[in-house]
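These are the structures, in structure tokens.
Next, two complexes with chain A in common: one pairs it with chain B, the other with chain C.
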Partner chain A sequence: MYINGASAISPLPVFDAMTSGISFIPGEGNRLTAYEPAYNNLIDPKLIRRMSRVIRMGVATAMDALRQAGVSNPDAIITGTAYGCLEDTGIFLKRLVENGEEMLTPTAFIQSTHNTVGAQVALLLKCHSYNNTYVQRAQSFERSLQDARLWLTEHPGASVLVGAADELTDYSYALLERFGLYRHQAGGEGAAYYLVTDAASEKSWARVDQVYTLFDPGPEELQDLAAALLQEASGQIDLLLSGEEEMDYNADQYAKVSSVLGYGLPVIRYKKYCGVYPTATAFASWLAAWWLKAGKVEVDGLQLLSPGRILIYQADPSGYHSFILLSAC
Partner chain B sequence: MNREQLVEELKQQIIEQLNLQVQPADIVASDPLFNEGLGLDSIDALELIVLMQQKYRIKLANAEDGPKIFQSVDTMADFILANQTPQAG
Partner chain C sequence: MQQAVYIAGRGAISAIGKNREENLETLKKAETGIGSIQYLSTAHAGLFPAGEVKADNEELSKMAGWTGTNSRSSLLGFIAAREALQEAGLMEGNRVRHTVSGKRLKIGLISSTTVAGMDLTENFFPAFLQNRKGGKLRMVRQHEGGATTERIAQALGIRDYVNTISTACSSSANAIMLGARLLKAGELDVVIAGGTDALSKFTLNGFNTLMILDQQLCQPFDQNRRGLNLGEGAGFLVLVGEKAAELLGGNYRVRVAGYANANDAHHQTASSPDGTGSFLAMKGALEMAGITPDQVGYINLHGTGTQNNDSSESIAIERVFGNRYPAMSTTKGYTGHTLAACGGLEAIYSCFSLEQQLLFPCLRIQHPVIENPGVVVTELRTVNGLQHVLSNSFGFGGNCSSLLFSLR
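This part shows the complex of A and B:
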């Protein structure tokens, strides 16, 4: 599966990376807010007024990925989100309480469902094709990628718009912070969309080789899968994009994977740039694709020329583990 | 509140309720709210019905009257003035 267009909005300003490049400066504070572009150039201002931040981020990155790939109407739209449209959900619930369950306005209710981002993209494109949203905590993006692969297997030559979006609101930050989720690493948010096909083109950024998901794996299962991935990559993985956080609850699992891949393998912890959120692997995938397309990695004092394969590994405290292997094309 | 004040208040209320990216001065009170003019749609119509209930305590008895009542800011103001219950005190 080949990435022919990729766009991301995150706390690290990457949306305009094509023109401005990227300054890799880790976010400060305990809540990282996405660096959003001027949407008026991307979405009809008449439609923006009803869109919450997560919808705007999702729609803008989807449109940008399509534009890059030169595709006006994809054959499928697949979206992953763990939290869904939290801002609108909060507004709707607040009014529900304040108005005694009466006189509820429709907009927040309509926009609060998890599939709103994918639906808004389809509405804007007048796209009546397959449209699905996966809501599976820290594997929401991975499930979307897997569905995109299946779709392309069943529909050779098709183009699929696949991505993920999650937002952090005042309410969700306050609650998740109380749960201790951001004790060692800042909370984050973001959106990323990709236009993928089953064949390479001159516009291709990278190839998605494998997407593996595991739930609560034991050490052996994890070790075996990491070894299988390394073998699949002919022993040539050039960089590990790790979801490991400071004082990570799953530090043992991350160490286990590193031991299989080889301790000499360069590792970059991507969550210091995007913060902690369940679909952060969508941001990590964008970074990997960007570096594979550029043919070099320059970050954290690390310099890698012509990287061939980049592996993304995330072990979420909820028990959801995932591997995404991308290679240059 | 006289009619002129009500019209200005309505413009502000509509902008806030519908999150419109315009200023009150940009809205011509006699211009159509739907299709032409502000270009509102059916979801906005529901928002305006709720606005009428919440802010002015007026419930639309007959949905078929909607297009006439919500034709413009002027027609909304006329309807409110004709149907609002005087407040005690």
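This part shows the complex of A and C:
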């Protein structure tokens, strides 16, 4: 599966990376907010005003990925979101409580539905294709990628728009902080969409080789999967993009994976740039694709030339583990 | 790769019964499960009728054998999924049996939900709004759609593959579709697919703001329809490919012969006047099954009872079938609109129709939307030679899906 267009909005300003490059500066504070670009070239300003953040971030990255790939009517639109449209959910809940179930207006309810991002993309494109939304917590993006791959197997030659979007709101930040999620690493958010096909083209950024998931794995299960991945990569993985956080609850799991992959393997921890959120692997995939396309990795004092394969590994405190292997093409 | 997908088990809980048999018996008797709201705590209890599952959370917890704080969506989903697995012979006590005749089966759970743990979150929120440290965290642990599925998967002991879809009212049709695709691709041997949604203040008030709730018992597919009644419940199918079917030795009579998902791309909540999304979904399901419209003997309609849906759906049906309409009815008048659960429940009702050669009537019909005599079923009807049934599920966001079920 080849990535022919890729767009991300994240606390790290990357949306305009093609014109402005990327300054890898870790986010400050305990709540990272996505750096939103000027949307006017991508979406009608009248529509933007009505969209919540997660919707406009999702829609803008979707449109950008399509534009890059030169596709206007994809054969499938697949979206992952762990939390859904939290801002509108919060607005409707607050009014529901404060107004005692009276005098409510529909807009927030309408936009609170989990499939709003994918639906808005379809609506803007007038695209009648297959449209699906996955909400499996920290595997929402992975399930979307797996569906994209399955769709391409079933429909050779198709173009699939696949991505993920999640937002952090005042309510969700307060709540998730109480759950201890941001104790050692800032909370984050973001959106990323990709246009993928089953054949490479001159536009291709990178190839997605594997997407594996595990839930609450035993030590051997995790190590066996990491070993299998290493073998599939012919022993040649050049960089690990790691979801490990400061004082990570899953530090021993990350260590186990590193022990299989080899301690000499360069590791970049991506959550210092995008913050902690369940679909952060969608941002990590963008970084990996960007570096593979550029043919070099320059970050954190690390310089790698002609990277061939980058592996993303994330273990989330709820037990969701995933591996995404990408390679240069 | 293109192997057949069979239905090996079914589990249903809704306003018309707490298990599959009760649902079937109530359908046969043409009795509604919709009435005054008894269990949901809401200011609108006297105003809007709803199709509630006739049990409080304590009783559902007993049925599930669960303790602690759980979303009603998780409880309903577990009860229906367990029943489906029991019918398939895949339960051992309260856990899923993975090994059959010495072979380890890869088993996946694909649930779907729109409400998820909102039934708890909305009761957590008053204390939280007062003070950000207020409210008990256990009330929001199952807020996320994926968290309710995770709770069900953990209780059943399913780890190979767990997934949740949320595409509004077409959610469980899409779960069944994904299950069939994963079986055909050989990624899994068995899939439990369906959906679950509890009634909540959030959805009741949300639909009220859209002014599409009927204050009387709804009259879907009637010309004088006034809107929908909400419902709640869960419906799950156990889907198996040929390998698992052989191992389980079941003589499965119904297979998933076709499916399609299309987007209406017209409006966030309203269906297009020409029913484009619904038309494409029905057409796609027939094409995949390789059958012509005249081979469809019955349609289990989405048929919510709103002006917009029933008009758009009937126009789409005309576009597919011309004036050679198959028989059709909607079961929303029995259960209310169960949102993410309706595709799963109605898939089970479609199985009943095929296996028993019975068409369940639309309730409270005075002037059917399609006036051709006998098209909209208004009395329990025994049929012969019913081979193919189409089941429609359409939702907000233009998400339209149709499933085609066929007798072997």
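The rule is simple: the second predicted complex is superposed on the first by the 329 of 329 C-alpha atoms of A that agree within 3 Å, B and C clash if a C-alpha of one lies under 4 Å from a C-alpha of the other, contacts with A are read in each partner's own complex, and residues count from 1 in each chain.
Convention: a contact is a pair of C-beta atoms (placed from the backbone, for glycine too) under 8 Å apart; a residue touches a chain by one contact, two chains touch by 3 or more.
For clarity, every value in this text was computed on a predicted model and none was experimentally measured.
Chemist: Per the contact definition in the header, classify A:249: touching chain B only (first), chain C only (second), both, or neither.
Modeler: Neither partner.
Chemist: State whether chain B or chain C is in contact with more residues of chain A in the superposed arrangement.
Modeler: Touching more residues of chain A than the other partner does is C.
Chemist: Would you sort A:84 into first (chain B), second (chain C), both or neither based on which partner it touches?
Modeler: Only chain C is touched by A:84; chain B is not.
Chemist: Identify the partner contact of A:48: answer first if only chain B is touched, second if only chain C is, both if each is, neither if none is.
Modeler: first
Chemist: A:143 contacts which: chain B (first), chain C (second), both, neither?
Modeler: Only chain C; A:143 stays clear of chain B.
Chemist: Considering only touches as defined above, state whether A:110 meets chain B (first), chain C (second), both or neither.
Modeler: Touch partners of A:110: chain B and chain C.
Chemist: With the two complexes superposed on chain A, say which partner A:131 touches: chain B (first), chain C (second), both, or neither.
Modeler: second
Chemist: List the residues of chain A that touch chain B in one complex and chain C in the other.
Modeler: 104-106, 110
Chemist: Residue numbers of chain A touching chain C in their complex, please.
Modeler: So the residues of chain A touching chain C come out as 77, 82-84, 92-94, 96-98, 100-102, 104-106, 109-116, 118-120, 122-123, 125-137, 139-140, 143, 147, 150, 153-154, 171, 174-175, 178-179, 215-216, 318.
Chemist: Can you list the residues on chain C that touch chain A in the complex?
Modeler: 42-44, 113-114, 121-122, 125-126, 128-129, 132-133, 137, 140, 144-147, 149-150, 153, 159, 162-168, 174, 178, 181-182, 185, 187, 201-202, 205-206, 208-210, 261-269, 276-277, 280, 395-399
Chemist: Show me the residue ranges of chain A that touch chain B in the complex, using the header's touch definition.
Modeler: My answer: residues 45-46, 48-50, 99, 103-107, 110.
Chemist: Help me check something: in the complex, which residues belonging to chain B touch chain A?
Modeler: Going by the criterion above, the answer is residues 17-21, 39, 43, 46-47, 50, 53-54.
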